[in-house]
Amino acid sequence: MHHKTRIALTAIGILGLSMAAQAHAQGSESEDGEKYITLASTTSTENSGLFDAIIPQFTDKTGIEVRVVAVGTGQAFEIARRGDADSLLVHDTAGEERFVEEGYGTERANVMYNDFVIIGPGGDPAGIADAETVAEALQLIAEAEAPFASRGDDSGTNRAELRLWEAAGVEPGGEWYRELGSGMGPTLNTAAGMDAYVMSDRATWVAFENPQNLELLFEGDEALFNQYGSLLISEERHPHLKHDLAEQWHQWLLSAEGQQAIGDFTVNGQQLFFPNAE
Amino acid sequence: MASDAGAFATALDLILGLDPDLLGIVALSLRVSLTAVAIATLVGLPLGAALALWRFPGHGAVVVALNALMGLPPVVAGLCVYLLLSRAGPLGELGLLFTPTAMVVAQVVLVLPIIAALARQQVEELHHEYREQLTSLGLSRLRMIPTLLWDARLGLVTVVLAGFGRASAEVGAVMIVGGNIDGVTRVMTTAIVLETSKGDLPLALGLGIVLLGLVALVNAGAYLVGETSRRRLG
Amino acid sequence: MNDMATPTLTGTPPLELQGVTFTHRGQRLLGPLDLRLTGCRRTLVMGPNGAGKSLLMRLAHGLLAPSAGRVDWQGRTPRQAMVFQRPVLLKRSALANLTYALAVNGTPRPERRTRAREALERFGLAALEKRPARVLSGGEQQRLALARAWLLDPEVLFLDEPTSALDPAAIQAVEDAVQEFHRRGTRILMSSHDLHQARRLADEVLFLNAGRLIEHGDAATFFTAPASREARAFIRGELVL
């Protein structure tokens, strides 16, 4: 009778092994067959749905699949530095320029921008809705010591936020300033849970589905401009990468066709990214 | 898809709708976790048995280390495998980063200590009972291993299930080494994280319910097999 | 299997224990002990609890290594088997427990089932072949353990208090089995604290007390004229201190 059990166990073992082989085959299949590149990018672009809208158009045209690894900007740079991604699309201009200066990147180009907005609880306890500038809005929040949720994860958004505090002449700290160490979405979830102010990129905010009591309270200051750049990675440093394919992707983003695709992408009828390649 | 009807309605929608994206994610989740568990079982059971049977200098340290590794945070395991498989790492040449194979490797790292450590306990208990009889029959320790593993099989099924539970539930490791690439390395848990970060909580929870259902299904199967043989073998 | 019905001479090598001592955590539990066993006699190891009977069996069988002294089979190590006080059966069917032992000793696969079934038949277990060994009664389990030992065709059989947990019918079955082994020419070394059992089975007696071998001699002599004070007290059923 345990003959049967033995057969069953053997079958499970064989199944496991064949799956291992299959999983491996699947992993390497694409390298032999279809062409693909790995793109390191930020969660904000992925979460908004932009890639779902534009990548298929690129793939249809070129036959090149784009595999997006969406992480924080800091991690995206690190992945690219180690040679684990063929291309980079992030929003931290200062960091991008340093990346090129250090010799990891060979080319950087503006692709598009969106903007940051200040979100807060519907009651607006700090009264930022009437502020003239983002600097004033942040000062109001600091004076009121109203809870503010910061990404605190060294992402592009986080770096932009810190620059804005600096420009406002406020050193954020104290119990009201909460560094979460999370991505944009989780930070919005947390801010909603504790009725905190939070700075978000517009794309993530518009696509965000759990706002609870949160509302868009401040927008429109040019200081909230959020530039995205595409980078090509040094062939010298990482000769194994698919530089030809990455170049095609880079050029397509900057082409009229790519720029059109970005401009056509909307969520709830609202355009989220504004192409601005030169 | 994510109406206000709540997570259960969403879960039901997901299952009944047989959404091809979801099916792909489910299939990949199962394939990655089951493969990892199969490999960890093939290595972990004999390893655990060997630790139960042999005493050598440093044996205690190995056992403690193995037990401690049961609590290894998935993110740490993921990070180690990432550094290993990264182009700048020692195994970068293989080009395995951001593939399902990398996810399998990371999960093996997570599951192997669980299976080996728990198998050691089970086998040690049984060895205590069988040792004199098997020695009397003339078996060397090496030849005892298959006998002990086979006779401990009912308990070892639970051990393997514990490993499967860990593999299917973890997100930290597969997120780092897989990259959560849509259609390539996106599994149930990383999809749940993604939907949560989009604020689509009903869909995230719905996926969670589907995942729980799958794990329950696997466990129920193992439970039935276990109960049947338990009744047979006493 | 009715060959050697009346064994007298045997090729079984003598067993010699020289100065065998067993200590555990600094405490001497057995020995030093000198002993020589030959032929295919039925030797009963007797003595009160804690006398060292089980230790002696395990040292002789090789399950334990002596702390000092030598356990020496003169010439070659014979085929041996041991039956324990509590039978250790694998979590398999009765039949599978027997085919397992045959597999271990290298019996070709096609013969295993037939031979295992013969043994089950011989020990009155044929009807139970498919039952899980672990759910058999205590007596049935002990008979299965004896059947397993039988299949190994041992030249020396060790039995460590094989009947102490059994009811009279089961004791009878075990004693019958011991006699059957004896008829086949197997040297028997069996421990027991049951005087009546010893009288029924023994050719010779080893009497142990407090880890020392007090007497070693013919059963008839031991029971009628024990040489030592301890043995006399033991036979009278007094507490041996």
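Letters are used for the chains, namely A, B and C, taken in the order the chains are written, and counting of residues starts over at 1 for each.
Just so we're on the same page, contacts are C-beta pairs under 8 Å (C-beta built on N, C-alpha and C of every residue); 3 or more make two chains touch, one makes a residue touch a chain.
All figures in this text were calculated on a predicted structure; none of them were measured in a lab.
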_Taking each chain's centre as the mean of its C-alpha atoms, which one lies nearest the mean of all protein C-alpha atoms here?_
B
*asked:* Quick check for the class: compute each chain's Cα centroid; which one is farthest from the centroid of chain C?
replied: A
*Indicate the whole-number Å distance between the mean C-alpha point of chain A and the mean C-alpha point of chain C.*
77
*In whole angstrom, how far does the Cα centroid of chain B sit from the Cα centroid of chain C?*
47
*At what distance in angstrom does the C-alpha mean of chain B lie from that of chain A?*
30
*chain B: positions in contact with at least two other chains*: 232-233
*chain C: positions in contact with at least two other chains*: 92
*asked:* By the touch rule stated above, which residues of chain A touch at least two different other chains?
replied: 1-2
*Would you tell me which residues of chain C are touching chain B in their complex?*
58, 61-63, 80-82, 84, 88, 90-92, 100-101, 104-105, 132, 134-135, 152
*In their shared complex, at which residues does chain B touch chain A?*
2, 31-32, 34-35, 37-39, 41-42, 86-89, 92, 95-102, 104, 153, 179-182, 184, 194, 196-201, 225, 229, 232-233
_Which stretch or stretches of chain B touch chain C in the complex?_
129-130, 132-133, 135-139, 143, 147, 151, 154, 232-234
*chain B partner contacts - residues on chain A that touch it in the complex*: 1-2, 5, 8-9, 12-13, 15-17, 19-20, 22-24, 26-28, 30-31, 38, 43, 46-47, 51-52, 67-71, 82-84, 183-186, 188-189, 207-211, 238, 240
